[in-house]
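Okay, here's the structure, questions in a sec.
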Amino acid sequence: MKVAGRRLMKSIYVLTTGGTIEKAYSERTGSVANLDSKIDRYLGLLRLPDCDVHIVSLMNKDSLEMTESDRDLILGTVKGLLVENRPIVITHGTDTMVETGLYLNRYLEDLNVPIVLTGAMTPLGFEGSDGLQNLTESFFAVRVLDPGIYIVMHNQVFPICRVRKDHTLGRFVPTDKDLV
Amino acid sequence: MKVAGRRLMKSIYVLTTGGTIEKAYSERTGSVANLDSKIDRYLGLLRLPDCDVHIVSLMNKDSLEMTESDRDLILGTVKGLLVENRPIVITHGTDTMVETGLYLNRYLEDLNVPIVLTGAMTPLGFEGSDGLQNLTESFFAVRVLDPGIYIVMHNQVFPICRVRKDHTLGRFVPTDKDLV
Amino acid sequence: MKVAGRRLMKSIYVLTTGGTIEKAYSERTGSVANLDSKIDRYLGLLRLPDCDVHIVSLMNKDSLEMTESDRDLILGTVKGLLVENRPIVITHGTDTMVETGLYLNRYLEDLNVPIVLTGAMTPLGFEGSDGLQNLTESFFAVRVLDPGIYIVMHNQVFPICRVRKDHTLGRFVPTDKDLV
Amino acid sequence: MKVAGRRLMKSIYVLTTGGTIEKAYSERTGSVANLDSKIDRYLGLLRLPDCDVHIVSLMNKDSLEMTESDRDLILGTVKGLLVENRPIVITHGTDTMVETGLYLNRYLEDLNVPIVLTGAMTPLGFEGSDGLQNLTESFFAVRVLDPGIYIVMHNQVFPICRVRKDHTLGRFVPTDKDLV
């Protein structure tokens, strides 16, 4: 585990893919939808003094509408970024977050950095939102976790092979045995 | 490093001692001061589903006014809580946070849990406050850090023997060698 | 026009009927809907030192779903409250706010107090919401306007017979001649 | 009393002079002070669709430190703006708001527009602030009030000759007879 003291600026990549965390209320339709990326606006509320953040806005989709080809695009982008050996935070809808995480896990080997998937149950900027908490935790997590793929939300860390979404509780819970 | 999956509720102690993070604006005096503890109100904004939080409001002081006897009281309380083997978050003014941390470090041996000191540059509830970010990070940190005493703020973790406050930058920075 | 200086507590009735202003995000469905009344929580953010507020939560409907019988219920309640000669703020969906206002106008004669209809384009508590602005303005309006029925939103006052919703602009605009 | 329906854009002048409403927390000093004007940032949160707002940042002073020459500057500026026959909102510290209002009242005759003084007990952007409420009310007030000089705060309107600050209550209250 790496605890700080480092002098050099640390770089973190953020890959945004949509999901509830980025949904916005549309006055025209009277409903919430994935319109524009708003992660950067909320990251601006955090103090990250020794950390360079690079945001890659890949897509802006409800995760229930993500296709195999979307996951391929995410995988390809992650592979490209991994060349630089920098930790990656992926913002994603919660409904298929585990699926995307396991997909990455299948095709990525010998990671040197942590990859953290996160999202929200209520969009950023809506009262009671968990979005900024989850972003804060994820940015902290990629600084201290060992290489691997995780879901980080609600003060919890789950290795990607030991987690499922509990739809009744509205949050992630650990599984008894490894998923593959 | 402990990554989750745990079924059992985890308990975390929060010791509040005052500092900027808890300061409030007084309409009567037109200035900010340590009046009542407000940590609990802000912790209520975080989702901590598998975590029991116990708040101990020890004192509410500007850390520049802390005395040796205040630090003794903090040390005594921490010792008492450590019996239960639960991680501890201490909220504290930033000006003498390192001093209190080193004091604890001198008298506490063989820790089994992490102790995290945190605070804020701008009070909770004031625009641009870093308070909730620092609380979020500290609660996350005590779940994943190894036993030891740390300062956690602004996406950074500092072992207590390798940190100082930089008054020009308005934040903590690492030191070159160990403090004692 | 009545400008203050009054010593006595002033009473204002608030009739809530639903509409966008009271919509909430449901984590279970991932959409916004009229669930519980939340006007009282937001009124608690305003300072109304010489003003007794009585909230009557009549219904919680999208105004597109309001029926003739709903409008009858609103009319009946308003008639009952008018006996006490206190101004009334009605929170309402914007889509049929004019319709309800004209309905009241048809059946209420010789008003001694102002009745103000208001609402919001974005729900209370969502980033960019106009809800609290409109509530603030409406509470101020019923203190200073002459008896009559008005729509108050976005720093504007419209007599109910001279207003329509412009769906392209997403706000109310004046009409050239009287509606009946 | 003018109720809307007007087609033309309405212009409103805002004269900022400092006071609690514009105070900010300084991390360097750990105290609140009048640093930069922040009225414009908060006005940006309001929807004022048919209203041109012109902000004149005149000074940024605690109103207890205002001198005769500061009041002369305010008077001169107001006189200049009155040539355009547009209503004026003046943001000001509450401690000497009445004094400045009476000063204007002494030297301004035959007003054609309302002039509203407003401020706050707690700075804009601090939890529990009344600043945005008071701005919202003042912008609404200058649209509907008759010509004259008023203080508008906390859902109340006071003609300038009938108001005093009650330091115990922390708000303005009406006087029994005219001040001059």
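Observations on the structure shown:
For reference, chains read A, B, C and D in written order, and residue numbers begin at 1 within each chain.
We adopt the following convention: contacts are C-beta pairs under 8 Å (C-beta built on N, C-alpha and C of every residue); 3 or more make two chains touch, one makes a residue touch a chain.
These numbers were taken from a predicted model, which means no experiment stands behind them.
With steps allowed only between chains in touch, the distance from chain A over to chain C comes to 1. Common neighbours of chain A and chain B, by the contact definition above: there are none.
Mostly identical positions are employed by chain B and chain D in their mutual contact, as over half of the interface residue numbers are shared between these two copies.
With centres set at the average Cα position, the gap from chain B to chain C is 46 Å. Between the Cα centres of chain B and chain D there is a gap of 41 Å.
One simple way to say how far apart two chains are is to compare their mean CA positions; for chain C and chain D this gives 27 Å.
Across the assembly, chain C contributes no residue in contact with two or more other chains. Screening every pair of chains for touch gives A-B, A-C, B-D, C-D.
Only residues 20, 25, 27-28, 30-32, 121-128, 170 of chain C touch chain A when the two sit together in their complex.
Those residues of chain A that touch chain B in the complex are listed here as 1, 3-7, 45-51, 130, 132-133, 136-137, 139-141, 143-146, 150, 154-159, 162-163, 169, 171, 174-175.
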